[in-house]
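Take a look at the following structure, please.
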Amino acid sequence: MNSIEQLIEIALQEDIGSGDITTDNLVKPDIKGHGKIIAKEQLVIAGLDIACRVFERLDPQIVYKPLFIDGDRVENGEVVVEIEGKLCGLLVGERTALNFLQRLSGIATYVRSYVDMLGDRDVRLVDTRKTVPGWRVLEKYAVRVGGAYNHRMGLYDGVLIKDNHISVCGGINKAVDNIRNSVSHFMKIEVEVSDLDGVREAIDSGVDIIMLDNMDIKQIKEAVEFINGKALVEVSGGITIDNLNHLADVGVDIISSGALTHHAQSVDLSMRIDV
Amino acid sequence: MNSIEQLIEIALQEDIGSGDITTDNLVKPDIKGHGKIIAKEQLVIAGLDIACRVFERLDPQIVYKPLFIDGDRVENGEVVVEIEGKLCGLLVGERTALNFLQRLSGIATYVRSYVDMLGDRDVRLVDTRKTVPGWRVLEKYAVRVGGAYNHRMGLYDGVLIKDNHISVCGGINKAVDNIRNSVSHFMKIEVEVSDLDGVREAIDSGVDIIMLDNMDIKQIKEAVEFINGKALVEVSGGITIDNLNHLADVGVDIISSGALTHHAQSVDLSMRIDV
Amino acid sequence: MNSIEQLIEIALQEDIGSGDITTDNLVKPDIKGHGKIIAKEQLVIAGLDIACRVFERLDPQIVYKPLFIDGDRVENGEVVVEIEGKLCGLLVGERTALNFLQRLSGIATYVRSYVDMLGDRDVRLVDTRKTVPGWRVLEKYAVRVGGAYNHRMGLYDGVLIKDNHISVCGGINKAVDNIRNSVSHFMKIEVEVSDLDGVREAIDSGVDIIMLDNMDIKQIKEAVEFINGKALVEVSGGITIDNLNHLADVGVDIISSGALTHHAQSVDLSMRIDV
Amino acid sequence: MNSIEQLIEIALQEDIGSGDITTDNLVKPDIKGHGKIIAKEQLVIAGLDIACRVFERLDPQIVYKPLFIDGDRVENGEVVVEIEGKLCGLLVGERTALNFLQRLSGIATYVRSYVDMLGDRDVRLVDTRKTVPGWRVLEKYAVRVGGAYNHRMGLYDGVLIKDNHISVCGGINKAVDNIRNSVSHFMKIEVEVSDLDGVREAIDSGVDIIMLDNMDIKQIKEAVEFINGKALVEVSGGITIDNLNHLADVGVDIISSGALTHHAQSVDLSMRIDV
Amino acid sequence: MNSIEQLIEIALQEDIGSGDITTDNLVKPDIKGHGKIIAKEQLVIAGLDIACRVFERLDPQIVYKPLFIDGDRVENGEVVVEIEGKLCGLLVGERTALNFLQRLSGIATYVRSYVDMLGDRDVRLVDTRKTVPGWRVLEKYAVRVGGAYNHRMGLYDGVLIKDNHISVCGGINKAVDNIRNSVSHFMKIEVEVSDLDGVREAIDSGVDIIMLDNMDIKQIKEAVEFINGKALVEVSGGITIDNLNHLADVGVDIISSGALTHHAQSVDLSMRIDV
Amino acid sequence: MNSIEQLIEIALQEDIGSGDITTDNLVKPDIKGHGKIIAKEQLVIAGLDIACRVFERLDPQIVYKPLFIDGDRVENGEVVVEIEGKLCGLLVGERTALNFLQRLSGIATYVRSYVDMLGDRDVRLVDTRKTVPGWRVLEKYAVRVGGAYNHRMGLYDGVLIKDNHISVCGGINKAVDNIRNSVSHFMKIEVEVSDLDGVREAIDSGVDIIMLDNMDIKQIKEAVEFINGKALVEVSGGITIDNLNHLADVGVDIISSGALTHHAQSVDLSMRIDV
């Protein structure tokens, strides 16, 4: 939770700076208020704890009562959270809390539409590293809230051998041998290939996962048949909500889509505050 | 530039963590490479300096040659930047640099479409505080690159008196008097009102700027006539690219739109690396 | 309050370093004590909350009972605060807490003497950016406690165009136009001029505030008449408690004085601790 | 130098915040300028390196040519430093650099007046811990530049047993024994006493230094005779430039004065910048 | 390298604090010196880059010439590094640099003795999380320099299901199912078992790695036969240099030993400095 | 305690990183557990407060009941601490808490063996600066827990003049004079010498402490007789538990040994957790 706390601090700092000159000068610190966060469209809520932390940093005695939990579908007009505490804290924290909720719920809502489309197909829909800098952990959390899975968190927790790695090592085999000797025994090793020759070489190397990058559906089908369970198969590139089920039905194990985070738009939530 | 450097550091840290286990183990530190960042759709580029800083932190000797400057329109397929340096630095920095460029250029591109729609109408299109937490300075920069203006940076550099402030002070007049005595003589004071009574009271108080919040076009027209140059007029709420010109033509001074940052989607850029 | 907390931490760190080798070794951690902070001269008290925070960081259970509030005049010998808590906390925090109180009260006391001299004249006495590095927010707070107003906090929250800016832009008009297009609509724009020609050019440019820098009283009078309410008038340079009322009576709106912070001396407070 | 760099960063941060909105918008980054820092009164200069670091952080290529070294006496009107570099860097750094120089030179100048008064008397004039929070290292440096010596830096590098310590330990003897067993063999141990009984008990305890706190000149004389070289003798409390030599002539080893830092006023320096 | 830089800074800070009062006062900053780091016993060197960084932080112009690379065996009396630079930098950095080298080389030397004992047996000797807090990355690096492998870096990059996890989940099967749905597809899953029943249940669950915790050699043998390649087999607990080969010969895949870091003693290196 | 808190944070950060992927996914946050930390060999316990802080950072409501205090001897198999709280907190903190306890208790145990060997001889056994970088304060604390004393904490709180200092100053006398004028009156001054000529010169200079570096027992004896109480005598270099009493009996005041920290091995403690 540490890096999230840090982001909350940065967010409050960039908004408040040397002080909220309107509220600090007009609202006495001991005036109490209550607030409601309301959905302005249908959405899947995500980030309720983070919004709570925003208010708690401004007023540790805040009473924060969520009426939903992360992952719930919320209808337009429904109250998501009720909050009671110092009016100052509510006014100063409102925008930052909403900014967190709107983006995270936006991702969760968007991901959910993909997940619903897939239904109960036996495939793992995963995100990528196309996240807003500083938000990796949060956006990947929102993806899970939406119902999909995470690819590696970063460069440190998954081996993904790409074309440049292969060419400096002199082939997939050498790269895979090399890396297996270097990383912990926990790590599965993935190779990205773009044609069937690559698939064959990858299978020879004993790799654990093969990523088929930007192949067409016919090639993917052939690759899946060739691999035949000897490695996990991931497809990547050009995934849209429209071709999702085609890919799933071909028998791949993993579909990765940058759009899950990268194309998600913020959803609309607002806050009503009363004294 | 300090808070931007901090965000770059966080971004690299969250991606690299304890190390890029693929590249660190497969690519010798002294191998050189060159890379090209390429637009994958038509866009307005923003964030070239930041992408440069990402690579510089990984390899201080990097040679980074942008072929455009922030604000330029770039066509699909055009090379935006050429980079030469250590292959490791290119591979490790690629995703983070692109993640910065894609979001900032996405905002600049989206804002530009609004600005182009407005043409040479004499109105100031401004953003809001609906920015991704941690990205306030960057997103507001991208808005300027796109051709629009910034509203206040945060709660510290502009007085905006809203309904809660008014009610705890006992009216607009009292709130405005109070705040004028509290803030520096540099600050113009803005009041948010939602009807013509509010407009009248605001004018009485001698306020500098009046924000018409979520009024319809007819009310706005009336308000502008009533105010008649005694204060700047800002409209806010429900602004879309479609009603933009209607609002502008009514004679308001400032149009603020959260969508400029909040609805902008990342644009697509990719990087090709060769050894 | 964040940057103040940071300064308190730095202050305790620089004093305590690797530990109070006297107290840590001689005083058992559970011994209780009580302390009194006493004015050793007549003063206007400022910084009571900060002194409290110093002790709270050393002993979160401290009971801190101020007998005055910031801005009160305190006579020589009066007890300002009573404190009860761990003796260690009192002994270790004493010097740092007093160092904060002495400087802030010194500024408040000094500023109050200017404010009293001005009486109810309709002029705004403001400070400058001549503050002790690291203490900007605190010293400006003490100025307000003393009864005066703040000029801009820093370079970020007020536009002040000086001779170098004017010369690189090619005149006041160009500089003002330029800046108006660059900053938010909240910002009034101030130009510093040193003669009547400058005043005329500034008025032409439609600037909001004109600073008359180091002009003599006769020139200031002429300038005020010429400006005649079209802009706020600030005088700066060579302000002393002796010429203050002359300036005020000439009809300027704002008098800025670096001496308010820069010439203020610490006042004397001491702490008596009993076991 | 680390904590000084940190203070410089804080100082620039509090002044610049989200940017110098005047200079950033009016001055192109590649315009060069030159500046001169000029003494506006007779002073002892201190802090030249720190002022240099301020400018270097804003423009690493700055050329900074001091015409004096710390400790030199400078006459009113003399140029202290010449600087060449980016005009932006000069304009943005000017105030912060001067704020450092003015306070440090103020202390050095004030201390020098005490040191000159003492002439070649064989006594060590030292400062106290009455320093501006955050400035301990810098102010103690300025004291040395002025020609005096430092007392302990903080609570960590000198044992000073005061009345509260003595009372919880049950007497000077017990406190001294106790502490000698706790601290490193490098540390001399000092006891603060307020009468001749205290002096006698301190000598019995074999303490290394005795501080005579707020005694009158007659008592001090008696104490010095009684101690007779068995411990160093420090006097403290009520030291002024007027009674300094009386105290020195009585034969004490060390005179400590909080006023050296606490009563020092900033001196006046200004900067002239040309394009 | 970031967390290592942070540790270097902490290390220098804790040693230097407010300054090296001996060197700062006796050695002029421009005096040059040269130094040699010499092995005082036979050792495997590790940490040469880190020692270099220590000196570079104190003197960026230092010339640091290592005569070996990490992993080399060095004989008693051999010069490991030659350094030229400011005498101050050498004197101030000496102890910290040696403290890094001594511990890291101590680990590498100790690990090498285990690795040599194993010879070319086909087993992976790995470390554990028993590292000095703050030193995880460094100590795991030294283990690799010594010739062994790393277990997971921390709790974030490897799934290891222990008895408490199993009991709250209601059995190995449930825990494994649960976790497989939660972590990325890169992660192999390991279960710790302490008897053959555990082994059987683990195999049933389709786990990737089985840790045999504190089993005797006979049980381990049975377990290896039962598992028969269906999962990787790790043994842990009670590993010493004496029973290492017995374990290896039984056919386990991985031997993990906390002693590699936890029992390693610093080796002796010294530095000779000449002016 | 600040730098210790920082080290605890680093330690938890390096272990937990982006999260304990096993526990976070398998253990519900509200499940309670209890744990016992048990000695697995005879030891002197040190670090109980630090282990407590580790758990408190993960679960502020933890109930931590130590059955011993730092410095107590604990037998193999005895329970040292009982802990109750969230199972997650126990599982996540276990390794880090043990890693702290094992090293600190290892040092305390090792130091105690030296202290016991010395019995009631009138000599001060002290550590050196040979500590694990980042652990200076903690390891010096463990030395005191073990029953020995601390040498200076770092370069900032003790003057130790070595051969390089002497040679650049032109002799011991000049170095000592020089430094006495530079440091506070609290500081005793120590000179390191390696032969009797050095001893004589040191005595002439009026130094407070003389370190006899790597002399043989006969030389040490001669030196002690020559010095004859005019300065404290420290011996250093080649101290082992075997020659300790010989040195003590010769009449030196201080014996310093790097081995106290540098050769200490971690002791074995484990934690049993039940749901």
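Every chain is named by a letter (A, B, C, D, E and F) in the order it is written, and numbering of its residues begins at 1.
Basically, a residue touches a chain if its C-beta (ideal position, glycine included) is under 8 Å from a C-beta of that chain, and two chains touch if they have at least 3 such contacts.
What you see is a predicted model, and the numbers here were worked out from it, not measured in a lab.
Asker: Counting C-beta pairs in contact, which chain pair has more, C-E or A-E?
Answerer: A-E
Asker: Where the centre means the average of the CA atoms, what chain is farthest from chain C?
Answerer: Result for the farthest chain: E.
Asker: With chain centres defined as C-alpha means, what is the inter-centre distance between chain E and chain F in Å?
Answerer: Those two chain centres are 22 Å apart.
Asker: Using mean CA coordinates as chain centres, what's the chain B-chain D distance in Å?
Answerer: The separation of the two C-alpha centroids amounts to 46 Å.
Asker: Quick check: how many Å separate the C-alpha centres of chain B and chain F?
Answerer: 53
Asker: For chain A, what residues touch not just one other chain but two or more?
Answerer: Each of 3, 17-18, 137, 153-154, 156-159, 187 in chain A touches at least two other chains.
Asker: Contact residues on chain E for chain C in the complex?
Answerer: Those residues of chain E that touch chain C are 17-18.
Asker: Write out the stretch or stretches of chain E touching chain F in their complex.
Answerer: For chain E paired with chain F, touching residues are 3, 6-8, 10-11, 14-23, 25-28, 31, 33, 87, 91-92, 95-96, 98-100, 102-103, 129-137, 153-162, 164-165, 167-169, 175, 178-179, 182-183, 187, 262-263, 265-266, 273-275.
Asker: Which positions of chain D touch chain F when the two form their complex?
Answerer: 124, 126, 149-153, 156-159, 184-188, 190, 209, 232, 234, 253-254
Asker: Note which residues of chain E are touching chain B in the complex, please.
Answerer: The touching residues are 2-3, 137, 153-154, 157.
Asker: Which of the residues in chain D come into contact with chain B in the complex?
Answerer: Those in contact with chain B are residues 13, 18.
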